[in-house]
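Notes follow the structure.
The chains carry the letters A, B, C and D, assigned in the order they are written, with residues numbered from 1 in each.
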Amino acid sequence: MLKQIEGSKAVAEAIALCRPEVICAYPISPQTHIVEALGEMVKSEKLTPCEFINVESEFAAMSVAIGSSAAGARSYTATASQGLLFMVEAVYNAAGLGLPIVMTVANRAIGAPINIWNDHSDSLSQRDSGWMQLFAETNQEAVDLHIQAFKLAEELSMPIMVCMDGFILTHAFERVDIPTQEQVDGYLPTFDPRQSLDPKEPISIGAMVGPEAFMEVKYLAHAKQMQALELIPQLAAEFKQQFGRESGGLVRTYRAEDAETMIVAMGSVLGTVKDTVDEMREQGHKIGVLGIISYRPFPLQEVRAALVNCKRFVVLEKSLAVGMGGIVATDVRMAVSGTGLKGFTAIAGLGGRNITKASLHKLFLEAEQEKLEPVTFVDLDWEVVNKQLEREKQNRHSGPIAENILYDKGMSTSAKFG
Amino acid sequence: MANKPFAITLKPGTSLNNLTGSWRSERPVYLDRLPPCNNACPAGENIQGWLFHAESGDYEQAWRVLVQDNPLPAAMGRVCYHPCETACNRGQLDTSVGINSVERFLGDEAIKRGWKFDAPAATTGKKVLVVGAGPSGLSAAYHLARMGHQVEIQEAGPLAGGMMRFGIPKYRLPRDVLDAEVQRILDLGVTLKYDSKVANIQQSMKDGGFDAAFLAVGAHIGKRAMIPAGDASHIVDAVSVLRSMEGEDKPMLGRKVVVYGGGNTAIDVARSVKRMGGEPIIVYRRTRDKAPAHDFEIEEALQEGVMIKWLSTIKQAEVGEITVEKMELDEKGFPQPTGEFEKLEADSVVLALGQDVDLSLLEGVPGLEVKDGVVQVASNMMTGFAGIFAGGDMVPSERTVTVAVGHGKKAARHIDAWLRGESYEPAAKHEIAEYKNLNTWYYSDAHKTVRPMLDMIRRQTSFDEVQGGLDETNALFEARRCLSCGNCFECDNCYGVCPDNAVIKLGPGKGFEFKYDYCKGCGLCVEECPCGSIKMVPEDI
Amino acid sequence: MSLQTVKFYQTGTYTVGNRLLGPDDRSVQSGELRSNSINSGHRACQGCGEALGARYAIDAAMAESNNQLIAVNATGCLEVFSTPYPESSWQLPWIHSLFGNAAAVATGVAAALKVKGKTDVRVVAQGGDGGTTDIGFGCLSGMFERNDDVLYICYDNEAYMNTGVQRSSATPPTARTATTMPVGKEPGNVFGQGKSVPEIAMAHGIPYVATATVADLRDLEYKVRKAMKMHGARYIHIFVPCPLGWGSASHDTIKLARLAKETGMFPVFEAEHGEVTSVLKIRNKQPIEEYLKPQKRFAHLFGKHAHPEMVAHLQAIADRNIRKYGLLDEEKAHG
Amino acid sequence: MFQIRVHGRGGQGVVTATEMLSVAAFEEGRHAQAFPSFGSERTGAPVVAFCRLDDKEIRLREPIMEPDALIIQDPTLLHQIDVFSGLKPDGYVLLNSAHSFEQIGLGDLVKQHGHSKMSTLPATELGLKHVGRPIPNVPLIAGFAALSGMFKLESVVKAINEKFSGKVAAGNIAAATEAYELVKQQMEDRANA
């Protein structure tokens, strides 16, 4: 059923359609609307049977999910940013224990400086945690990926994050086709846990494993994600059959046929990129897009196949490996290693910095001309940065950089909207 | 488990594969230690053993265990001076267990319920003569009978019981109790001939065709002291006085009766005199703490109005009065005369200075050794003449009923062995269960139950039994005060406190076993065993 | 509180078993068919108080729940010695997640059971003092506050033993640990303000809070069974001496627990909905030295460079416990 | 694509306004995208929210920097921030005020844009009158429907019914209807002027 609906609300409805049995959450912007909506559904018994637990921290949220999942209940939580970092120990643990928990990450930057706006630093920091990570481009896809996520997680008995851009998607009202309960039930079987805590068949979960078997355990987790590379497209195909809609998969290209320049990106920015590419195509530029949906497992082959025919590519990413450059770009370069392709990394949108068509036009043109630095910071205010660097050269003791920059900019954040 | 995640999910209980017993350098072992009460009992009773059954309320079983060693519990529960209680470890905790009172309860219960001894084993065809129906003779006869021997007791007097009857007043040992216990022995098939004084033991054995003899004639001759006395002065000995108490004619002692001596017999006489309406005065040459009588008996006598002159000796006895000299203790604690004299009214003087044995029946028996008026016996209770054994007051030892009963049992075992041409080797004694071996935390706080005492007027005017018995409830309570020193009473502590579940509980009455595959040798079971029946021993290297 | 008030039974309820008691009055541990929830072959040290306390507690909970029990375990000695791959000692469904999240994981298990309608299956969470009073404290408090249907059991051995005896918030003042060495002017652990998690639990007003020691099995079992009869958040704090960390003889584990209670160092009580309902009285009050001297972690308080003032301070702490909880009977208190 | 930017203050229902605009557009079969500026959410602070309308899927995620229309929920903002930033030369402006543009000193702007695309509306008063609360968002949406002619009143009513129910919905519908009529009247008056 088509609805004009807030992204968070749509995701909440999708989660509910998946019949989760335990939902636990701790509020953090911009994830709040999702769990608020779910809380109301449980409280009003629209979603039943389901336990909704207001926990005291994200660490507890993931821990409760670990417990409920281990006891055989379909378990869900949502978080973002600092919240994800606060639960990190449990995030790794859930993956290590092979618990098929589904978690929405409403992607948000990580402080300090504290910042509630969108980028991908949070979930990308968990790239090695053993969780799968799928990135939604639109709210429709966010809805669809959650439904696929439960199935994927439970088939592999591995946890999965569905990542959607904070505010940009979570708080956007747009048209979403919400499936019916029958459709979802026809796609997603009831949870049949691989193992569960049950007095009828006691097992000990969570052993201490020494050097003699630890590597094997880790390899098996890796092997599962390799299996996921096959399973994800399969589930997307099944999804299309059931819901009549293309959604999910590992990667998706756009106007890539004869593209000489490819733009690689994840999440909602793909929309703006596509609009920009459309405009450039109209102007005759041979440019295309590669959207990565599955960040973990990372589809090396698919990425390579999508890029191998272009001349150059730009990885436009909302994350920064401080001291190194791009995070996604590193993986993409790994995928095309040996091809001799020219690759650029563009860091953009950190902490919610707007990524505008205008900036992208400029970026893509420069890329086409291969004038870009290997790592480019899109719309960085060089004046401010250089001033601060200069100041630091003269006065070596550390100070509050963020404050100085705001001072230099002579503004407060609330005064700026454009 | 094939479906389950590798390594991080495990099968339950599989740690059994890990034999932690290899960690151990010392191992716990169960052992029985000898409880101090058992060790102290002259009759060799397995006190802890019978208390164990009494604790669970199985009084008959308790009695049956008791009478394996002593056929006279009702008597013993009254007249024994209970060295067991003195030795009892509980005395160091609060007050010793009232073993004697429980024994009496069991003895009385047996009489009340008419419990009989188990029938004797198959007869051996051997005949044993027991001379004297006192505690030692009765005990020997009982044990021998149960071993299947044919036993005949020849008693010089008209009644059985020996000193239990002729030396101990009724108020301490009612005669119906004594009679009942004697009868039960006779019911085993023991023959008892009264008024049959054995004049020549060898002849008697030959006449009766006896294969062995046990002599237990007691010490019935009162010792005399050289007291200058007028012809008309009335001086008698304590044994005679007490013996005559049993007959129809009560002794004529007058009102003022001086009893000379400080032993239990002196007290018995004085208290009997009091009950007959006399005014007894005990004269003793030393002080109360040096008196051989048990202090509780002195105390009871004083309570009843018996006068005692300590540090006094009788110098002269005249009609109606005596002269005593005051004594004082020298540095070594011996009484020395002071030259101070005093006169006391005395219608009669009873000498309670000890007893001698009538050894006339042994005349002509070769190889016998008599020393200090008693017959010497070897460790097997046999005299110098093969086949003749002796015990009780006629051999060198402490003269108590309990010792006598013990002699009877011991002699019986040796006689039995001797009759088979063997020798009896008692099992080696276990190490003593000392207080330090116990973990007394685990015992409930409980003080000794005090037995009821007869009211004073009746104590002073009648021969009713002074000390009452326990009823079922408090006998049970008292039995349960037993710490079971050195002997497992199945408290399950070892089973419970083992952090490695390395103790197997075998079920009621069967105790426990260690699973040495898993025991790490921490020693908690030893430390927390209340009764000290586990110890650590080094592992063999 | 838990002691028999019936007839005198030789050892009453002090011993693990008592052949004189009726079958219904016997302890779980005395039963030949007790569940031995934690099996032989575990790798705890000789004389481990925690291994013992865990079996006592979990067996009792198993008995009360008719073996319908799931255990959640925090990281720590108990976890490491019971489940090193490839062998587990546990005989019931058991999960270990992390050091600081046992209470929350248990909440999750309880929620799953509830949603699945498995009302007969119960949940216990367990951890050491580090996993409870320190790193797991947030999750514990959250579980309490929500009144989740979890019995949390803390096995308190007063330091981080698993990592090599470092101080925790449950370490007593003056105690030597690897991070509070007996050097300097104030050797050993500091005299802080202490942190009574049982009292903090009571402040949450949860249905049941109790303390117990491995020295009094019957009391411990009574409390576990009582807790298992109730629903909602429940907390039992069990004192479990550690021979390794305390420098005590392996056979003294129970004795030290007993002395901790008998000196007043560890008050044994129970509380319902935030109010103390009973205390286990001191039976035979002992001076604090009796408790301290068998432990090498307090050795620096005695001997050549003794610190009598510190001993006096510890005695004052014990005396305060005695006053606060009324640990002595009236006549003993004044006698 | 048609882009609307709504300015107001926290607590005035700015975000709700854009959401309802998007719903109204959805009801008429169009694609719509509404999103807030994700800034301060505190009551009283200046807030901005956006709404895009199109006949095809809207993929663009950048904020609206060159709006086709402005709805200003609070006239006091005029003195604090540049609400007109990026407004297209022929863009619509609807201002919550009981006064005319000229009266509040924006005569020049009217001259630039022309009367046909600008209107003021006493939306706060309408909110108070019909709903009992000084929330101007619903009257402004209805007023904007009348001003731009981009939605029917009934679509606005549908959006109201999706967001509210019972008395509140009825009050809002009454307020919307009156606002719609007022602006429509204004437009007609001007056309006729």
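By definition in this document, contacts are C-beta pairs under 8 Å (C-beta built on N, C-alpha and C of every residue); 3 or more make two chains touch, one makes a residue touch a chain.
Since this is a predicted model, take the numbers as computed values, not measurements.
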{"item": "Path length in the contact graph (chain C to chain D, fewest steps)", "value": "2"}
{"item": "Topological distance between chain A and chain D, in contact steps", "value": "1"}
{"item": "Far-end chain from chain B, centres as C-alpha averages", "value": "D"}
{"item": "Interchain centroid distance [CA atoms averaged], chain B/chain C, Å", "value": "49"}
{"item": "Euclidean distance of C-alpha centroids - chain A vs chain C, Å", "value": "44"}
{"item": "Euclidean distance of C-alpha centroids - chain A vs chain B, Å", "value": "92"}
{"item": "Whole-Å gap separating chain B and chain D, where each centre is the average of the chain's CA atoms", "value": "113"}
{"item": "In chain D, residues with contacts to at least two other chains", "value": "none"}
{"item": "Chain A residues counted as touching two or more neighbouring chains", "value": "97, 202-207, 209, 213"}
{"item": "Residues of chain B engaged with two or more neighbouring chains", "value": "7-8, 10-12"}
{"item": "Contact pairs between chains, per stated definition", "value": "A-B, A-C, A-D, B-C"}
{"item": "Chain A contact footprint on chain B (complex, rising order)", "value": "1, 3-12"}
{"item": "Chain A partner contacts - residues on chain D that touch it in the complex", "value": "15, 18-19, 22-23, 25-27, 31-40, 45-46, 48, 58-63, 65, 81, 85-86"}
{"item": "Partner chain C, residues of chain A touching it in the complex", "value": "21-22, 24, 49-51, 53-57, 59-73, 75, 89-90, 93, 97, 197-199, 201-210, 212-213"}
{"item": "Chain A to chain D touching residues, read off their complex", "value": "2, 4, 6, 30, 116-118, 138, 165-168, 171-175, 268-272, 274-275, 352, 354-357, 413-415, 417-418"}
{"item": "Chain B contact footprint on chain C (complex, rising order)", "value": "7-12, 14-20, 27, 29-30, 32, 36, 38-44, 46-49, 51-52, 55-56, 82-83, 85-92, 94, 217, 243, 249-255, 258, 283"}
